[in-house]
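Each of the next two complexes has subunit A plus one more chain, namely subunit B in the first and subunit C in the second.
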Partner chain A sequence: MRKLRTSDRMRELMGHYYMQGHQAEFNAWITSGAPVELLYAMDIYPVYPENHGALIGATKLGGYYSEFSEKRGFSRDLCSYARCDIGCVFAGTSPIGGLPKPTFLFACNNICNTVVKWYEVLSRIFKVPLFVLDMPFVRKELKESHLRYVEEQLYDFIDFSEKITGKSLEDSRLKDVISKSLEGVRLYSECLRTAKNRPSPMTCFDAFVNMAPIVCLRGTEHAVSFYTEMKEELEERVRNGISAIENEEIRLLWDNIPVWYRLRWFGEFFERRNACLVADTYTNAWTGFGELKKDDIISSMAEVYTLSYLNIGMDMTAEIINRLIEIYEVDGVVMHSNRSCKPYSFGQYEIQKKLSVPAVIIEADMVDERVFSEAQVVTRLEAFLEML
Partner chain B sequence: MISAGIDIGSITAKCVILRDSRILSYKVIRVKPELGLTAREVFEETIRIAGIERGEIDVIVATGYGRNVVEFADKKITEITCHAAGASFLFPDTGTVIDIGGQDSKVIAVENGRVLDFVMNDKCAAGTGRFIEVMASALGLKIEEVGDLAFRAAKKLKISSTCTVFAESEVVSYLSAGERVENIIAGVCDAIASRIVAMANRVGIKREVVLTGGVAKNLGVRRAIEERIGFEVRVPEEPQIVGALGAAFLGTR
Partner chain C sequence: MKVGYLCTFTPKELIHSAGFLPYRVFATERPINLASAYIQSYSCSQARGALECALHEDFYAFVFTRCCDTLMRLTDIFEFAGKKVYNIEFPTKLGNLEYYVRELRDFVKVLEEWGGEVTYERVIESLRLYRELEKKLKRLFEFSPDYKTAIEVQQIDVRDAIKLVDEKIKSAKEEKEKPKVLITGSVCPYPKVYEIFREAGFSVKDDLCTGSRFSEYSYPDFEPEDLDSALRFIAEKYLRKSPCPTKHYENDRRFEYVLKLAEDCDAVVFLLVKFCDPHFFDYPQLRERLEGIGKKVALIELEFPVVSLEQIRTRVEALREVIE
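For the complex of A and B:
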């Protein structure tokens, strides 16, 4: 696989991001699907335990840190991000020396309901306030009452944060953050869309490695400049006909969170078989935040965040995947049945039937390397490629 | 043209030698910890039975979990593709292959010998040959006795646990409650059949259904599957060699 130059820049950027968290006057631990724009607009530094979990997975220490929470009674069936995050708190460290102690906690259940219990545990450990932003699950359609319910909570959250920090949210500041968020998401989406090209200049593994800025730095200038650079590099590849893998014959779509401790292994496995995973449902989920409206911030925020990828019914999910299949012209879908992420993995066998191309399901976990069975995964994937 | 197919599974290794679409010889042996050695042994033995020289073989294809240890193979193909090819070689109108092996089970939707779709059991021994082995040993039976005994059962006792370990304790408690061995083992066979048929429904069951793998020899499981799908399945004379046969056949193409 040809490495992107921007990946080095990403490491540097995220290194700074984590360091700054320790210096911030106020910081909030936040879930990946929450409206981070509100925090940036109030100068509250966002800290992402999920991103930290991914980092632990990538360093292959998931099992090690999980055990710190498992030996205190947390079940091995719980999400491995949660187990690692809580485990690191108990261990008093992590591969990056642990996260800064939170001023408060901000959990939004539009990605799963585990985050509610997880953050309640953190709230008890750190003895800091917790705000739960409760988003109704959208089975078929988004109702007006849902939106009003979420909108009211967004105002409550602003009050909650203002009381803690003693500062008030400035309208102009929020508008500025939203502009940057929209710009960042637009550039990020354009980066992902370059994979429409044949051969593709990037793989979903490039997307995974370089997604941290859109998650953690959305709404800041950092994300805007980072994705500007990444887009330039990808477009340069397209102009010069440089492909991400040596010989792209089969194009595939990845579903679910990556197997962080096996990113390189998967990348090389597919490259050796001339298959390119050009896109994935996970990183594409962040392109949906591009629908915020500058002149109607709070109500558009309620809508956009309630309709997040993991907060919608199976038919809508299948529709989105089919759209990605069409956009990226893929021949098949590799679905990771992720032991940790129940809302993401639930229904995959049903969704598989609704897709316009064949799909294969492999079992693994995003962070816990102890559940990975290489021979089983290899047999399923090889048989799938033989079938295609 | 002479081709050889070698299937290294979790419990047994199989080899088939084909000459112009006719089976010359085959052999099934127990897998030893040294997989490379097992592969050579089953291969050499099959050559010996065929009465040919090693040099006469044009192509060797390896399959099964241990396919990558067969260093002398010209090609490696997964057991899914090989089972589809092998079953269709024996029964040209194969629509579905149900393979129950030692450590995994799979259902393959097939059309003209090609794989349309497949599903495999997850990280669990339920629904595999190992499940029966564990239950047989809890009941003090030899694996060969299981099928006939189940066939003679007056009723099927319900095994509700899917987990092999818990199912074993269910079996033991039935024994201590004085239930008859054949009724218990019939329940064990039905438990496997129920898991397999549920899995088969995911890819859709289309005739003819060919049952392969060591468990296909078990009449209890076979009948339980037939009851659940509502028609008879086809079972090759030697169901264990279908993967190796498919590998040998694919080697000729």
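For the complex of A and C:
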């Protein structure tokens, strides 16, 4: 696999991001699908335990940190992001020296209801306030009633944050953050879309490694400049006919959160078989935030965030995957049945049958390397690739 | 015609008033077999067992409420399996009454599409009947918790359920003074499991939705005057229902509720269904709080159908010995 130069820049950027967290006057621990723009507009530093979990997974320390929470009674069947992150709190450290203590917690259940429980646990440990942004599940259609419910809560959240920080949310500031957010998401989406080229200049593993800025720094200049640079590099590859893998014969789509501790292993496994995972549903989920409206921020925020990828019914999910299959012209789909993520994984058996290309389901966990069964995964994937 | 539901936050009064039989779907004694083709093995066996039941038995439709991640996806999965379904978006964060009234209005429309007729008079009658059932069940549980009955009444017509509970009250005897155990968890639809506790010498109290949580409400104090205010009454009744870990409450109301229930108990048993995330997230910190007030605590993990009663018996007997 040809490594992207921007990946080094990403490490630098994220290192800086984590360091800054320790110096911030106010910081909020926030879930990955929550409207972070509100925090940036109020100078509240966002801290992402999920990103932290991914980082721990990538350093192959998922099992190690999980044990700290398991020893305290947290079941091994619970989400491994949560187990790891809570484990780091008990351990008092992590691969990046732990996260800064939160001023408050902000959990939005548009990705799962697990985050509500996880953040309740954190709220009891840190004895800090927790704001739950409750987004109804959109199984078939988005109802006006649901939007009103979410919109009211967004205003409640602004009040809540203003009370804690003593600062008020300025319209002009919010507009500025939204502009940057939209610009960042646009550039990020364009980066992902370069994978439409044959051969593709990037793999989904490049997308996974470089997704942290769109999650954590969305709404800031950092994300804008980072994805500008990444896009330039990818376009340069396209111009010069440089492919991400040596010999791209089969194009595939990945579904679900990556197996963080096996990124390289999967990458090499597929490359050896001339298969390129050109795109994935996980990193693509953040492209949806490009629909925010600058003139009607709060109500469009309610709509865009309620329709987040994991908060919609199976028919819509299958439709989105089929669209990705078309855009990226893939030959097959690899579905990661992820023990840690029930909302992402339950329904895969049904979605698989609604897809326009063949799909294979492999069982693993995103962070907990102790449950990974290499032989089983290899057997399934080899049979699948042969069939293709 | 049976309309199946899984969660006690389902407004069964409305289903009943529309002329359907609200039928709570549980895992049964049937081994989980067909359901495995629809959902992964790391979903809880209540979800898989209920799906198995749905695939074998006759239902008109199923009503889901947003509770946990599994139930959220299960609606679509049931639909994919050819079932008629509807999901009510019960709020995760309790408080916004207006929002839930709107959800109930939408649900009434669905019941009408299903051929039901929902009128003010019929809703009031269903509300009255369920309230009577809840009151009588509470009375029965005050004498001596009867889980077989508590489970049975969730699957028969409410009028028959009231008669059944009446009969049970007549023959109920107050339990003798014995060490008391609080059983906390989600569902356990197998009466024989509760018998183990009694056989080990405990008197039993519970915080389960196959037990007390089915009938534990604080009712709003107004008389509904029309259909819309009846919906408001139902919304309020369910928002004020005994707290469940799948919901987010102000001031940790759920923990405080369990701690209060445990006050007159000697021991607390977490009877949890494997893979039940909401309960397992609460467990360590709630356990710590319970131990902090001097309770002996044990965790028993279940998978449905329960095959090894003897393992449970060993754990319960060990707990009983510790108390002595």
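We take it that the second predicted complex is superposed on the first by the 388 of 388 C-alpha atoms of A that agree within 3 Å, B and C clash if a C-alpha of one lies under 4 Å from a C-alpha of the other, contacts with A are read in each partner's own complex, and residues count from 1 in each chain.
Going forward, a residue touches a chain if its C-beta (ideal position, glycine included) is under 8 Å from a C-beta of that chain, and two chains touch if they have at least 3 such contacts.
Bear in mind the structure is a predicted one, so any value in this text is a computation, not a measurement.
Visitor: Could you tell me if A:P358 is touching subunit B, subunit C, both of them or neither one (first, second, both, neither)?
Guide: Only subunit B; A:P358 stays clear of subunit C.
Visitor: Examine A:V132 and indicate which partner it touches, taking first as subunit B and second as subunit C; both and neither are also allowed.
Guide: After superposition on chain A, A:V132 lies in contact with subunit C alone.
Visitor: So, A:Q376: does it touch subunit B (first), subunit C (second), both, or neither?
Guide: It touches subunit B, and subunit C stays clear.
Visitor: Could you say whether A:M387 touches subunit B, subunit C, both of them, or neither, answering first, second, both or neither?
Guide: Only subunit B; A:M387 stays clear of subunit C.
Visitor: Return the chain, subunit B or subunit C, that is in touch with more residues of subunit A.
Guide: C
Visitor: Which partner does A:Y349 contact after superposing on A: first (subunit B), second (subunit C), both, neither?
Guide: Both partners, subunit B and subunit C.
Visitor: Output check: A:G73 vs subunit B and subunit C. Expected answer is one of first, second, both, neither. What do you get?
Guide: It touches subunit C, and subunit B stays clear.
Visitor: Could you say whether A:E12 touches subunit B, subunit C, both of them, or neither, answering first, second, both or neither?
Guide: In the superposition, A:E12 touches no partner, neither subunit B nor subunit C.
Visitor: Please identify the positions on subunit A that touch both subunit B and subunit C, taking each partner from its own complex.
Guide: 337, 349, 363
Visitor: For a test of understanding, state which residues of subunit A touch subunit B in their complex under the given definition.
Guide: Listed in rising order, the residues of subunit A that touch subunit B are 337, 349, 358, 361, 363, 371, 373, 375-376, 379-380, 382-383, 386-387.
Visitor: Could you pull out which subunit C residues touch subunit A in their complex?
Guide: Checking each residue of subunit C against subunit A gives 37-40, 42-43, 66-70, 72-77, 80, 87, 89, 91-93, 96, 99, 102-103, 106, 245-246, 248, 252, 274-275, 277-278, 280-285, 287, 299.
Visitor: Could you please specify the touching residues of subunit A with respect to subunit C in the complex?
Guide: Residues of subunit A touching subunit C: 72-75, 77-79, 82, 109, 112-114, 116-118, 120-121, 124, 132, 134, 136-137, 139, 143, 145-146, 148-149, 152-153, 313-315, 337, 339, 342-343, 345-350, 363.
Visitor: Can you list the subunit B residues touching subunit A in their complex?
Guide: The contact residues of subunit B facing subunit A are 65, 77-81, 104, 114-120, 122-123, 202.
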